[in-house]
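Both complexes shown next keep chain A, but they swap its partner, so chain B is in the first and chain C is in the second.
For the complex of A and B:
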């Protein structure tokens, strides 16, 4: 992992969506010219209000959504226009955790099959050092996600929200990725389990030295987990830098507004 | 109360299935056995539902007719599902133009009546038979399956578990097998039951018009046609096949609706707010 080649390099990335019906008919630019580098081992938080294009950006980095224009490279190789079978490096070393485990876990699959699904991927198996013994890896990874082994035989609807998201984390960790992308991984969860799941993320990412990209609207969460931050507004990155610098000394007006809108609880003494 | 439809439907379908099974091994008389002296006999201990104009035992014909009816349903629904479901899945998974093109072709086929197709097939083959009727009904059932599979596939493809599978490099074939097929199975099953009822009705209609099952084979639609000549002498003759057609069609439709209700809550567990 040389310092010079970033894990992800995004240049002038744009993504537009067409709306056919309704009032907003026409073309909407979800991501509108983003330049971004993610270095190996970096823990980057992407923040912004809903609709600012941060989830779309993350999905483009995972090559689930293709950019309308611009270039996205992973370890120096273009992934924006690559054919599925040429995405081997990306697919085998980058995994993603989604916002809502109700949608990201197949309701008709057992936890064991959900978690080991990436291990059945031809691109992951093609990596050579990917875990070969699926059953052993399943037990290992469930333990790492702090889940009981007997959960493997259950269906997602039999689990609590926190357990479901930990199953999604276990699935992402199963192929031993180097990079973890997370799209608001705790915002669909009950407040009571958020901290637990979030700490699990922090521990796993730190213990493995993973490159981590976290999309979120909760600034406190990003500050807790990440070392650098990119602020998005209306499809553009308006400010980026080390977390402490951006939080203490925001330069862009939008960042100031975002920071000011964080509700703070002050104790009043009566 | 919602279970009542399912139970009634299963009972009706059960009656038809039992009749067809019995006909495989036993009928009171040979259903084709003509006995002129017994023509138009009233129902009696010897002939449970009476005899037709040729003196053939109506009960025996009804039993064999149940077999024909199920055979037509199974074959034509199989054609419809085996062609329509893969097409619908393909259209639902293929983005943009390809998917739309497949569905437009299916719409054109939808506008093409089974009756016309049956006439064309019968003309092409030289004679109408149960086979041409089954193919005609099967082909005209394809669009219904394609539509149902298409809609269900699109809703599955919008789920994040498909995005997760793609993000770890599972190919389209793998996604279709492990995620799409399993998740659209309930709606396809409901469509199968409904289509089965419609296929039976269509076969009865085609046979009645003389472009379905050939004479001497006791299809229920064929029996209706034969009985029509004796409408005023022996109206009961018309009643029996008509009643069994109604029972079979009603049964499969109730079963379909019942399955929809029974399967829906489980569908919903996987379909939370987006």
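For the complex of A and C:
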């Protein structure tokens, strides 16, 4: 039983938002009936266009946003209706990296405090095996994120975009999570920086056997990093499966359109 | 006269900056030619576009020479520059939500571009022309779109309106600054298609600024690579993609080609080709 229990199990998950003004005022279903399992060690990419509900779905998995209806379980325990203090297992094992490190890092905190903040959380400390020596852990994760130790004394605004995203990654890794959720983590970065950060993700996920859920609009990035993919359109998962199978043999029309729209470097070789 | 646009030793500096943002660049654009301008953030792509359009802020200092159809633009007064903008050259910005006036129906905004430059057209005629242009950029419901405010349109529709504004006076040069970067891929594909057909129909030359090599390779014949305010390499897209001379260009091309690397394998980075520290003198 326990071997086949998925890390995340989502059943008929729905989330609606209310829009007060403008065209389309009323209730909008951002996520509209999603069933999804994420197994331990799986590297799942969730792709779709803006408004497809992919970020909302990820946020519900992180219990930042609650579903309007449906069930979400983490390791067999419901998290959709749990009280904050009952989310200990989730909060201590799951970490998240956001798209824009400018807004996800506290501008008034030094890098050292940003990175070690999760270690001060009672939920993480209560886990027992959490890193106790915060200063040692700081140096360790900065090195893993390929950052110089002296960056610890700096503020986010003193760093480049790529460095900031590495700080966000170091922070997520600090409490030694089993699951990493990432929402468009390289979309705001230059291609040259993107390559560095993607290499870092691939190395870390592999070295630690992390369960990884990556939300992205860039199909090439998802294909590079993930082993499976779920394609979302208008709040639903329209197709899912092993990444190579979906990319080579898309079955759903929307997946085909999405893949055909990706600009490729025009081949001039002859 | 073969050159439509000729830029010679253009330097742009900002007050208080230790080094110029654009450090003396030169390039030319023939009538009808499509030239891509690629580089990372901060390389000076957008400042180049603003300098050509005469839209630099007052804190900037521009020198060198920019000639459009033989006419020197550097040092030209605001009023004269305004007459050239929108008629002889126009621009499509990255973010149509900030480029469009939020308080004005988009039909009027497109019409304004026409009226500013052709005093004699009557308003009924202008309206007709605006709607025809909106249809040409793939907005079949032109009447309704023209009567909408920007916030009532989707990102793709807004960018089509921008393209319509840029094309409507049939300028000789259109400068596009990351025109599809803010759009979803399926929308991007359609907007690029509209832009491609529009440019061909009008016969306009295009300076196409983008960080996305794939997009540039779809639209442009030639490309310029900028790095820290300098042009490091220029040439036909095909040559640059496969036989770049400058190591920085080779690195930039390699990082953009996720498709050439096996999934999960290490991606090449610019530093594999080019050590930035040797450049920082």
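Structure notes:
Everything that follows uses one rule, which is that the second predicted complex is superposed on the first by the 265 of 270 C-alpha atoms of A that agree within 3 Å, B and C clash if a C-alpha of one lies under 4 Å from a C-alpha of the other, contacts with A are read in each partner's own complex, and residues count from 1 in each chain.
To be clear about the criterion, contacts are C-beta pairs under 8 Å (C-beta built on N, C-alpha and C of every residue); 3 or more make two chains touch, one makes a residue touch a chain.
Keep in mind it's a predicted model, so treat the numbers as computed, not measured.
In this overlay on chain A, chain B fits alongside chain C without clashing. When the two complexes are overlaid on their common chain A, residue A:194 makes contact with chain C while staying clear of chain B. For the combined model, the angle formed at the CA centre of chain A by lines to the CA centres of chain B and chain C equals 80 degrees after rounding to the nearest 10. Within the superposed three-chain model, A:249 lies out of touch with both chain B and chain C [touch as defined at top]. When the shared chain is aligned, chain B comes close enough to touch A:175, but chain C does not. Of all C-alpha pairs spanning chain B and chain C in the superposed arrangement, the closest lie 12 Å apart.
No residue of chain A contacts both chain B in one complex and chain C in the other. Note for the complex: chain A touches chain C at residues 22-23, 49-50, 161, 190-192, 194-196, 198-199, 202, 206, 217, 219-221, 223-225, 243-244, 257-258, 260-266, 268-269. The touching residues of chain B, when paired with chain A in their complex, are 159-161, 163-171, 174, 178-179, 182-183, 269-270, 272, 274. The touching residues of chain C, counted against chain A in their complex, run 40-41, 151-152, 155, 184-189, 192, 211-215, 217-218, 237-238, 241-242, 251-252, 255-259, 261, 263-264, 266-270.
Interface of chain A with chain B (complex): residues 59, 62-64, 84, 87-88, 91-92, 94-96, 98-100, 102-109, 113-114, 117-118, 120-124, 156-157, 168, 171, 175.
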